[in-house]
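Down below are the structures I want you to see.
Look at the two complexes coming up: subunit A is in both, with subunit B in one and subunit C in the other.
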Partner chain A sequence: MNRFDYVRPRTIAEALSAAAQPGSAYLAAGTNLIDLMKIGVARPARLVDLNHLPGLDAIEGLPDGGLRLGAQVRNATLARDAGFARRFPAVAEALLAGASAQLRNAATVGGNILQRTRCAYFQDPDSACNRREPGSGCDARDGENRLHAVLGWSDACIATHPSDFCVPLVALDAVVEIEGSDGAREVPLRNFHLLPGTTPERESVLAPGELVVALRLPPGADRFAAHARYVKLRERTSYAFALVSAAAGLHVEEGRIVEARLALGGVAARPWRAEAAEIALAGAIPDAAAFRRAAELALAEARPSGENGFKIELARRIAVRALSLAASGTPTRLPALPASPFASSAGGLHD
Partner chain B sequence: MTEVLQVRHGSSAGQPITRRDGPLKVTGAARYAADNHPPGMLHAVVATSAIARGRVTSLNEAAADAHPGVVAVMTPANRPALAMDPDDKSVPFSFRMDLLQDGRVRYAGQPVAVVIAETLEAAAEGAALLAPCYEAEPVEVSLDQGEAFVPPVVGVGAPAELRHGDVEKGLAEAAQRIETTYETPAQFHNAMEPHGVVAAWVGDTLSLDMPTQGFALTQMRLAALFGIPAESIHIRSPFLGGGFGSKLLTSPQVLGILAARLVGRPVKLVLRRGQMYGPVTHRAPTRQVLRLGASVDGELTALHHHVRTATSRFDDFIEPAAGVSHTLYAAPAVRTTYEAVRLDTGTPGFMRAPGEASGSIALESAMDEMAQACGMDPLEFRLRNYAEVEPVSGKPFSSKALRECYAQGAAQFGWAGRPLLPRQMRDEGGMLVGWGVGTATFPALMFQGAARAVIRQDGSGLVEAGAHDMGQGAWTAFAQIAADSLGLDVERLEFCSGRSDLPDAGIAGGSAHTATAGGAIRDAGQKVVARLAELATTDARSPLFGASNVGVVARGGHLLRRDDESRGERFADILARAGLAEIEAQGSSVPDAAIAERYAAHAHGAVFAEVKVDPELGQVRVTRLVGAFAAGRIINPRLVRSQYYGGMIWGVSFALHEHALLDRRTGRVMNADLAEYRVPVNADVPSVEAILVEEEDPYVNALGIKGVGEIGITGTAGAVANAVWHATGVRVRRFPISIEDLIEGSATV
Partner chain C sequence: MSMSVTFTINRAARTVELDDPRVTLLDLLRERLDLAGTKKGCDRGQCGACTILLNGRRVNACLALAISHDGAEILTIEGLAEGDALHPVQAAFIEHDALQCGFCTPGQIMSAVGLIGEGEAGLDPERVREGMSGNLCRCGAYRGITEAVVAATQAMGAAGQEDAA
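And now, the complex of A and B:
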């Protein structure tokens, strides 16, 4: 690991000022950043530690009925917050489906949004990667790319965003609160991550030095609570990133879908909101045919970026599964195997 | 739950006592090699190659040297001289090493330099600053590439080609024939403890803290490399964080020793996880073609097992995957053949059940496919082809309780009533359910070993043996054997091990360590007792005087007349009267060539697996595993169960998870970490049972032990694969079975 400055600001203003120096990186839990520093992918000249800033670790109900999640709230804390899990069960399920218990105890809301891709070529400094080193090329295109994107990718980059947490959040219209030296601003989470295009090194709308201070769930986002699920597919039951995943939320009245939300994970460089599918579901009877139609629409523009064509059909099927599970109602308790297709089978329960 | 006290009737062996080093392990007090920090110690980090074939043309040594804290950079230019070429293979069991002999690169991840620094961080950064430039050549890393050759030998000197009977005739006469091809991927060692060394030179004496599975072999190789006597090399290896065949001497460890010589200070060198995917051996990929013929009654008429595998470009290790077909099923005609290609990878080597694991998944899958072709239950089919004698050699088995394994395993699992056809069972949630079986087998081996036993003045015992505890609980099992052989309660026994300056108790490999070291320990203990008996029975003042004809027995720290156990005396009293501070003896164990000539010795088992498969999403979950194993005498059932569990979980890993992804352009392993190189986690293993089937073996060795370390993988991997077929109707022949194999299949079924 190279030598770097370490700064521990006491206020957000101090943090912003400390991070104004080029080459600075904010340090939340470090569950991703420190690993990347060890393998030489990230080499910040200065770490600005957010762990001692006051006020960033609160879960606050807002007067308008929304909910504000401080950027330093830990994943485990949020997932185990009974009130939160009741109102946003798919988000809690996604959190518990991510990483391992140890990592969830450390990882934060803000860090989760900003985690880097798991593309093996991005993580290997000896490989060409336009995201890590603009203009160097993309060794993933003709390499080991089973896990790579099927939506929104470009010739420059086929990496995916690995977050589980972001998938239901983007479905629920979460908003990112950002502070910078020029003041505060807000960006919908669905617009926060950038598709690669010709500039894959630009992963989000954040300008250098800007700081994510909170995530906000808008008022009424809990209207899907009775019909909300997150489903994640992977060969290993825990401690593995999603091959594909889906978050579904339905607002059902008198046997018809009034409003639907659907987002996919593991398919693109951003958590993928499936708007066309949502529109098609509005007013429909929640049945297999409607869900399959919605899934077709969600993946209408998908195309393989390598040896991963199977992910397209898999993503359709997981969308159908998430919608079906959501339609049958949110379980009263979080499953022992959160987000697993085996969550409700006998073998999926811890004895 | 009420704590049941262990009741012993004069025997420690057979008791499920907890491991003696358990408290050290759970409190973190157990000192592993990398926990040592001798005064003045420096840290060394290996710089490794990013290319798989070519030359290093330059290293930025100036940048590394200039980095604060860096003490030295070791390259081919300044690496201390060796007394033997690292490519010399004259020392037994040795593979060619990469010790900076030149700038040549033979595989990705090969060491190309070592940076030595005051701190680990400085050494790591120094290594990064070397930024090697290369002259790269095109690489071949796939089994499809390269020109195949027929290897002269496979594994450790076994013949590559074996014929018994006429396979072509057997196939021609068969009512059913199958020819199927199975593929297994490269798998890499991922012991919890990475390879490392803490090395210190004092003159020409070498002091090493280093995990090793074999003291004498390691000393022999190091002695040859450094031109010093083996006795000048002192190795401490009190605990290994897993060995699995990878912890014989590796190149990076020798580089650590060279680094210590270069700088004249103690040096610690530990591989980081990603650096284990290259220089520490791996399980080679295989492509296996199975040709089976069967009669109308479901009796095998022929079995041809052909293996294509890979070794490195510069050395030979041929995964002996067809060996299982020599011993398992009663075919009148058996043929095994091999071909191999040379790839730009590190040399493959021993990885838990080398040969048997890869071969078993192919053979057990093929047996299932043939059972299906014959319309028979897979268990019934295996029983129909039960080998009463070893098929190829015709030798009787020293013992074989496999029939009981099948019966007890099937009963516990509830195999009866299994539908013959696939895709017939669902659970309440709509998941497909499948049941599969596999036969487990592993040869019962034994090497040479030595031990020393002492009875001390106070009547307590001391046993010393240079043995290896890789986490399997060897210290505990050996103490039990030692206690019994000395006639002591295990609490009265001090057991010293894990050092090279103790009598060499043999390598810990081939599932042979308990038989080998245990045999030597037993021999030493019995010899001490005999000496003690000699003292007592010839001493007129002893109540045992004159008992030499009827004999004496040692129990609970006493010698007792065999014909009258009320007459006897304490060990301490015998020694005190003789004026001795202690009495000792050396013991040894040697495999009995005459027995090996007459009998085939193998452990066996039957593994039953239940899987559930999501019919739309293709995700597989192993929901139940039941294994029943017969491995001769069991010294400690608790530890043996743990060995079986570990092996069975590795079997799940083999069938469903492990797979190294080598980039075909660069030869680099692209998933060289525990996030992406998948091994199962707890949530993948809901229920595992291991049944210890009673088996008495009067021939295999003095202790009647067959070894349990490796057999658990065999059988299990095939059972899981067969269960996946039974659940889905899709026969996947390329491992690990992945989601896309099953979703594509389910669309067509």
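And now, the complex of A and C:
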């Protein structure tokens, strides 16, 4: 790990000022950053510690009916908040399907959205990686790439965004609150992460020194609570990143879908909102044919970036599964294996 | 730059002069405070051998910078027993033969204590397995570990409302 300066601001203004120095990075839990520093992928000259800043760890109901999640709220705290899980069950399920209990106890809301890709070549300083070192090439293109992107990738980069949490949040139109030296601004989460294009090193809309202070769920985002699920397929059933995942929310009245939400994870450099699928589902009867049609639309533009063509059909099937489970109703208690399409008990086919 | 940081470790106040901000809680415990019960396995948050309770919650000590946790309360495997009386989770691990080589065991036990405190797995082996998935055991003692955690949960009367209902 490189040497760095450590700064412990007491106010957001102090944090912004400390991080204005080039080479600075904000430290939340560090579950991703410290790991990347140990392997030499991240080499910040200065760490600005957010853990002693007051006021960033609140879960607050807003007068307009929305909900504000402070950037330093821990993943496990949010998932275990009974009021939150009741209103946003697919978000709670996604949180509990991510990482391990130890990591969820530490990792934060803000850190989750800013976590880096787990592409093995990005994480290996001896490999070519345009995201880590612009212009160096992409060893993933001809390497082990069965886990890589099938949507929105470019010749420069085929990495995926690894978050589970972001997938239902994008489906629910979450908004990112940002503060910078020029003041505050907000960006819809669905536009927060950038597709690689020719500049994969630019991973989000954040300018250097800007700080994510909160995520906000807009008023009415809880209207999908009765029919909301997150489904995640992994190469092992716990403590692994998604091969593909899907968050589905349905607002059903009198046997018809009034409004649908669908987003996919593990398929692109950002959580992937499937708007064409949502439009097709509006007004439809929630049955297998409608869900399959929606899944076809969601993956219509998908193409393999390597030996990962299988992920396209897999993503369709996971989308169908998430929509079907959402249609049958949010369970009163999360299954033993949150988000798993597989059995939680011997002999069962699935939950 | 040197910085003085204070912790409560296993119920005792400790003040440490940190001359380098790179020190993790794991290295602080093992290398500077002679508390080597917490193990360094992968040192990258993947194996769980370094699990401790930080302000009552189980975390990976290898990914936490000590300087950032100034003022924290820490419980390690060394602080679990009351004198000669083993903690119920320690006793259950012996009773259920929940280890072979023992390297992952301190992390397993601290993780189990955290899990039981969270109160969500109850006596359901499937939920216990899921709740313990952040702790790898290369000897494959998972069956014994699951049995031990369920037994300790029962012994501690902490099965939770879900199972009592």
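Here is the rule we use: the second predicted complex is superposed on the first by the 342 of 351 C-alpha atoms of A that agree within 3 Å, B and C clash if a C-alpha of one lies under 4 Å from a C-alpha of the other, contacts with A are read in each partner's own complex, and residues count from 1 in each chain.
Criterion: contacts are C-beta pairs under 8 Å (C-beta built on N, C-alpha and C of every residue); 3 or more make two chains touch, one makes a residue touch a chain.
The structure presented is a predicted model; accordingly, all values stated were derived computationally and were not measured.
When the shared chain is aligned, no partner comes close enough to touch A:Val187: not subunit B, not subunit C.
Shared-chain residue A:Glu313: touches subunit B; no touch with subunit C. Looking at the shared chain after the overlay, A:Arg333 reaches subunit C, while subunit B stays out of its contact range.
Shared-chain residue A:Ile12: touches no atom of subunit B or subunit C. Touch criterion met: A:Thr31 reaches subunit C, while subunit B stays clear of it. Of the two partner chains, subunit B and subunit C are each touched by A:Ser238. Using the contact criterion defined above for the overlaid structures, shared-chain residue A:Ala226 touches neither subunit B nor subunit C, since it reaches no partner.
Touching of subunit A by both subunit B and subunit C, each in its own complex, is seen for residues 1, 3, 38-39, 100, 238-239, 337, 344-345. Within the complex formed with subunit A, the subunit B residues making contact are 50, 68, 121, 124-125, 128, 274, 427-429, 431, 612, 614, 616-621, 623-624, 656-657, 661, 663, 665-666, 668, 670-671, 675-676, 678, 680-684, 686-687, 736, 738-740, 743-744, 747. Contacts from subunit C toward subunit A in the complex involve residues 1, 3, 20-22, 24, 43-45, 48, 51, 54, 57-60, 63-65, 67-70, 111, 114-115, 118, 120, 124, 126-127, 129-135, 162.
Per the touch definition, subunit A reaches subunit C in the complex via residues 1, 3-6, 27, 29-31, 34-35, 38-39, 47, 49, 51-52, 76, 80, 99-103, 105-106, 238-239, 333, 336-338, 344-345. For subunit A in complex with subunit B, the touching residues are 1-3, 38-40, 100, 118, 120-121, 124, 126-127, 139, 142-144, 233-241, 243, 310, 313-314, 317-318, 320-321, 337, 340-342, 344-348.
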